[in-house]
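Remarks on the structure that follows.
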Amino acid sequence: MTENEVVSLAELMIVAASEAWRDNGEILASGIGVIPRIGASLAKLTHSPELLMTDSEAFLVSEPVPLGARGDYQPKYEGYLSFERVFECVWGGKRHAMIGPTQIDRWGQTNLSSVGPYDKPKSAILGVRGLPGNSINHINSMIVPNHGPRVFVSGEVDMVSGVGYKPERWAPGMKQDFVDIRLVVTDLCVMDFGGPDHAPRVKSLHPGVSFEQVQAATGFPLLQAPGMGETPMPTAGQLAVIRRMDPHNLRALQLKGNPPAVRTAAAA
Amino acid sequence: MTENEVVSLAELMIVAASEAWRDNGEILASGIGVIPRIGASLAKLTHSPELLMTDSEAFLVSEPVPLGARGDYQPKYEGYLSFERVFECVWGGKRHAMIGPTQIDRWGQTNLSSVGPYDKPKSAILGVRGLPGNSINHINSMIVPNHGPRVFVSGEVDMVSGVGYKPERWAPGMKQDFVDIRLVVTDLCVMDFGGPDHAPRVKSLHPGVSFEQVQAATGFPLLQAPGMGETPMPTAGQLAVIRRMDPHNLRALQLKGNPPAVRTAAAA
Amino acid sequence: MNKELSAAQAVSQLRDGMTLGIGGWGPRRKPMALVREILRSPLKNLTVVSYGGPDVGMLCAAGKVKKLIYAFVTMDAIPLEPWFRKARESAAMDVMELDEGMFEWGLRAAGMRMSFLPTRCGLATDVLARNPSLKTIQSPYGDGEVYLAMPALKLDAALIHVNEADRLGNTLLRGADTFFDHLYARAADATYVSTEVLRERFELDADTAKQNPFERYLVKGVVHAPLGAHPTYLGPDYGWDMDHLKRYNASATEEGGWEKYVAEFVAPGESEYLAKIGGPERAAKLKQPVF
Amino acid sequence: MNKELSAAQAVSQLRDGMTLGIGGWGPRRKPMALVREILRSPLKNLTVVSYGGPDVGMLCAAGKVKKLIYAFVTMDAIPLEPWFRKARESAAMDVMELDEGMFEWGLRAAGMRMSFLPTRCGLATDVLARNPSLKTIQSPYGDGEVYLAMPALKLDAALIHVNEADRLGNTLLRGADTFFDHLYARAADATYVSTEVLRERFELDADTAKQNPFERYLVKGVVHAPLGAHPTYLGPDYGWDMDHLKRYNASATEEGGWEKYVAEFVAPGESEYLAKIGGPERAAKLKQPVF
């Protein structure tokens, strides 16, 4: 730690994200975006070496690929996973993806398509992408770098892209068995949908954050998970892996102002 | 023509078979077995250069591959067609296959599976293979080296492997549009299913063969196609191509005793 | 057997109102030379079927899109495609928004000449709710599971860019991933291929022949278009042109930006285009993206 | 992460009554070393799912097959598989006879964890009539077409032979065609791979990595079995052994022929087998078949 001895919130979130892939077994870990990808890499390099990862294009690698320009680094190919095969992986359920949706609701439903009225949206985003298929077929987690009521909406998300646990959405005969939303890692806390009837709850609060603060920033009621504690700080070993996986420090650009992991009252 | 100046019946059948692929457009020509394969090769090398052919394994070749040991000959690859892609070709309808079924009935249905009672067959053959899918999806023709009532059965074939024109087999909603049985080339004649309601008929008789003789060797009634004539003899040019495609003279082994194209009364 | 066409000849075979599939994926291997030729043509009222990138954005900007069938539109490094957004937010076109896998399944159904294929993808989402024409279907077996019946995405024509082709319509794709272009080709009545390198007639070794993504009977026209995927990237031949993509992206925030972009890059024709982007010399320097 | 097993260990993980998929195609790349290990085991009452060759024949000869799911059984050069025929003609097993494409579709449905996939293949044939459990399904769209609903062919285990593997379960197939082995692997709860060459851990270049047919999470066990496809052929490593196939074929017409074949080639174990067939020296001389 030369330029900055202070552990960043992004680093704390990376470690929290990596926990999503613990004890998943031998599946494809897809962390989409900087924090999830470093999180998945950290998982594979520490507690879960059995995970499969790609070079974010078409090859399976035996070692996570560092982010950004690689210099002399050569990805270590162990196999092939074209987009077409990723779909087969998805339909077979052998994947756990973590992405950052634009909206999330109390049922775990996500939106990556558009905000506002569907026919003439206020904001068109990407489209539903693979969320419908991912969410109904395999484990999913989420990253939210800006925990607030615009992400965690009070009603239903504007365009349900990823499925969740809202009973009215499931007609008789539709198979909900594979829906498995694991973790939601935000800049305030770690959440899951492990309450009664899949109610959302806070599993851990980041250092210096209160439950009330999280609830105030969330458009729907939250429960406190039994044993809700503080999100663990990264260890020195984890930080070393994170630095190796992100040599250009792209993680510092993920949260506005790159805040420290331990908030002061002012920072919160 | 050194050792044998006489044109063989197999050669006549090869030329007749090659006619099946005339004016098919740009599709895959699959001649399964010696006579159909040389026939398809002859078609591509003479009247229909647009046809696609494979090396009988996984590659598309721009020039038909000669039969048997190849010596120095290197197949001329122009593309790829694995078995999995052959199925896509079949389902897309872009193929015309010619095979030799064990049984054929008056409706054009074929059997390659078993003869006798299905549960305990007198003779188990190969299985239905791809006949159900081929016959319902693309053009098909047939080769019969031993025209007789055991092949052209009086009733229905014992195990319908390839579909045909029997109305009772088609429940409402089943799409029969792609069924297209073209030619049946036998050691006696060339037939099709171009009569009223797809009734089978003789299109041409091989030299020295009478319609009555064909009818007597067939388990169901035949019509005479308008203009039914004599199956054309191979030209010198066609024979040259045939010899080039079949340098080991495998065609001589296809019909018992390798009879000449022009039968004498005794031969008939 | 010679299927070579100019880009203009290929586009002249398309008709107003057609359903057009465009191969590639986002900013990857898009048949941009053919897209530019459409921009130069009077073609209109298209239904565009695409894993969308700037192909979709430019056709939207030019007002050519009556309906868009898509799962996303993005340029990856520039996540939000500006002209797609404008068209979408101004309700300038009809949309059929699909899950990526449903999209694939729809192409596959069309290639098999089937009316639908069942899938779990899309159930319990607004993809089902926002596409009231979509129907479900129940397994006839004991499980009785209800699937979404993804209808065939039948294409009048498909546009695909490849690394190499011959005049007979044989093609090669050399990149790490061929995406879903073979399914576009199978789903289409007519496939037009643009190619970096055009040969008279392939004579391939076995390893190279395996790079052939679909059979030549699917190909109706072959257009020789070097750098024809620019500004998207073509593995392993050249990378994406981020400067150009930024220039294009900026056109959406300038007054009259699209007209200026067209005047500078599209209207003068493809050889002018290649000169303006710096020709093969510059293309050789474009780096493959690192993800 | 070390999935290496002996053939006996792999077979000991199978159970009586299991549904077993066997990769390859007819006389091509069959996992014969694993099949021989099953012949040596007390395993019985198997449901075998195979594009069948001598794998099916030998399991039939040994009375291990309770039910056969197949589209054909053949050794190509010897078209009629002798022991399959005997079992079939003596009604010694149940059968589900399918079109080749239905068979593929059934594996694919299982790999997608779906209960069925629709297809036109099999309609209007005795495949439908002779398999009364098969059902049809009607398109919910305007066409109303009726398809055959091919049920998933879910496998308890799949056996596959590959050119190369590592101890993690990564595999390579180097032949001209990979057949449908990826679908067997996806359809199975557990895939056991036998391999010519076993590595500690792959470090591949990109071109070689493309020869990886399916992901290692599908692989439960890796068995090092040089010449493990013999007497079938393994492109490009060795050809089929026609002498051996003829010897095997003749066993069906001799009195006590199967017992003699087993005594000579199966019972003594795999290293004896390799010695008897002439070992690597002879394998190196086996020619790839010419079709």
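Chains here go by letter, A, B, C and D, matching the order in which they are written, and residues are numbered from 1 within each.
Note that in this section a contact is a pair of C-beta atoms (placed from the backbone, for glycine too) under 8 Å apart; a residue touches a chain by one contact, two chains touch by 3 or more.
Only a predicted model underlies this, so the values are computations on that prediction, with no experimental measurement involved.
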Count of contact steps on the shortest path from chain A to chain B:
2
Sort out for me whether A-D or A-C is joined by the greater number of C-beta contact pairs.
A-C
In whole angstrom, what separates the CA-based centres of chain B and chain D?
30
Centroid from C-alpha atoms only, then distance chain C to chain D, rounded to Å. What do you get?
39
Multi-chain contacts in chain A, i.e. residues touching at least two other chains, fall at 59, 91, 137, 178
Which positions in chain C are in touch with at least two other chains?
114, 119-120, 136, 145, 176, 206
If I apply the definition of touch given earlier, which pairs of chains qualify?
A-C, A-D, B-C, B-D, C-D
Interfacial residue positions of chain D with respect to chain C in the complex:
114-120, 135-137, 139-141, 143, 145, 147, 149, 151, 176, 206
In their shared complex, chain B is touched by residues of chain D numbered 25, 52, 70-74, 79-80, 84-85, 88-91, 97-102, 104, 119-127, 129-130, 136, 138, 144-146, 176-180, 290-291
In the complex, chain A touches chain D at residues 25-28, 49-50, 52, 59-60, 62, 76-81, 85, 88-89, 91-94, 137, 178
Where on chain D does chain A make contact in their complex?
1, 111-114, 166, 168, 170, 186, 201-206, 208-212, 215-218
Inside the complex, what are the residues of chain A that reach chain C?
55-59, 68-70, 82-84, 87, 90-91, 109, 113-114, 118-133, 135-137, 159-163, 166, 169-176, 178
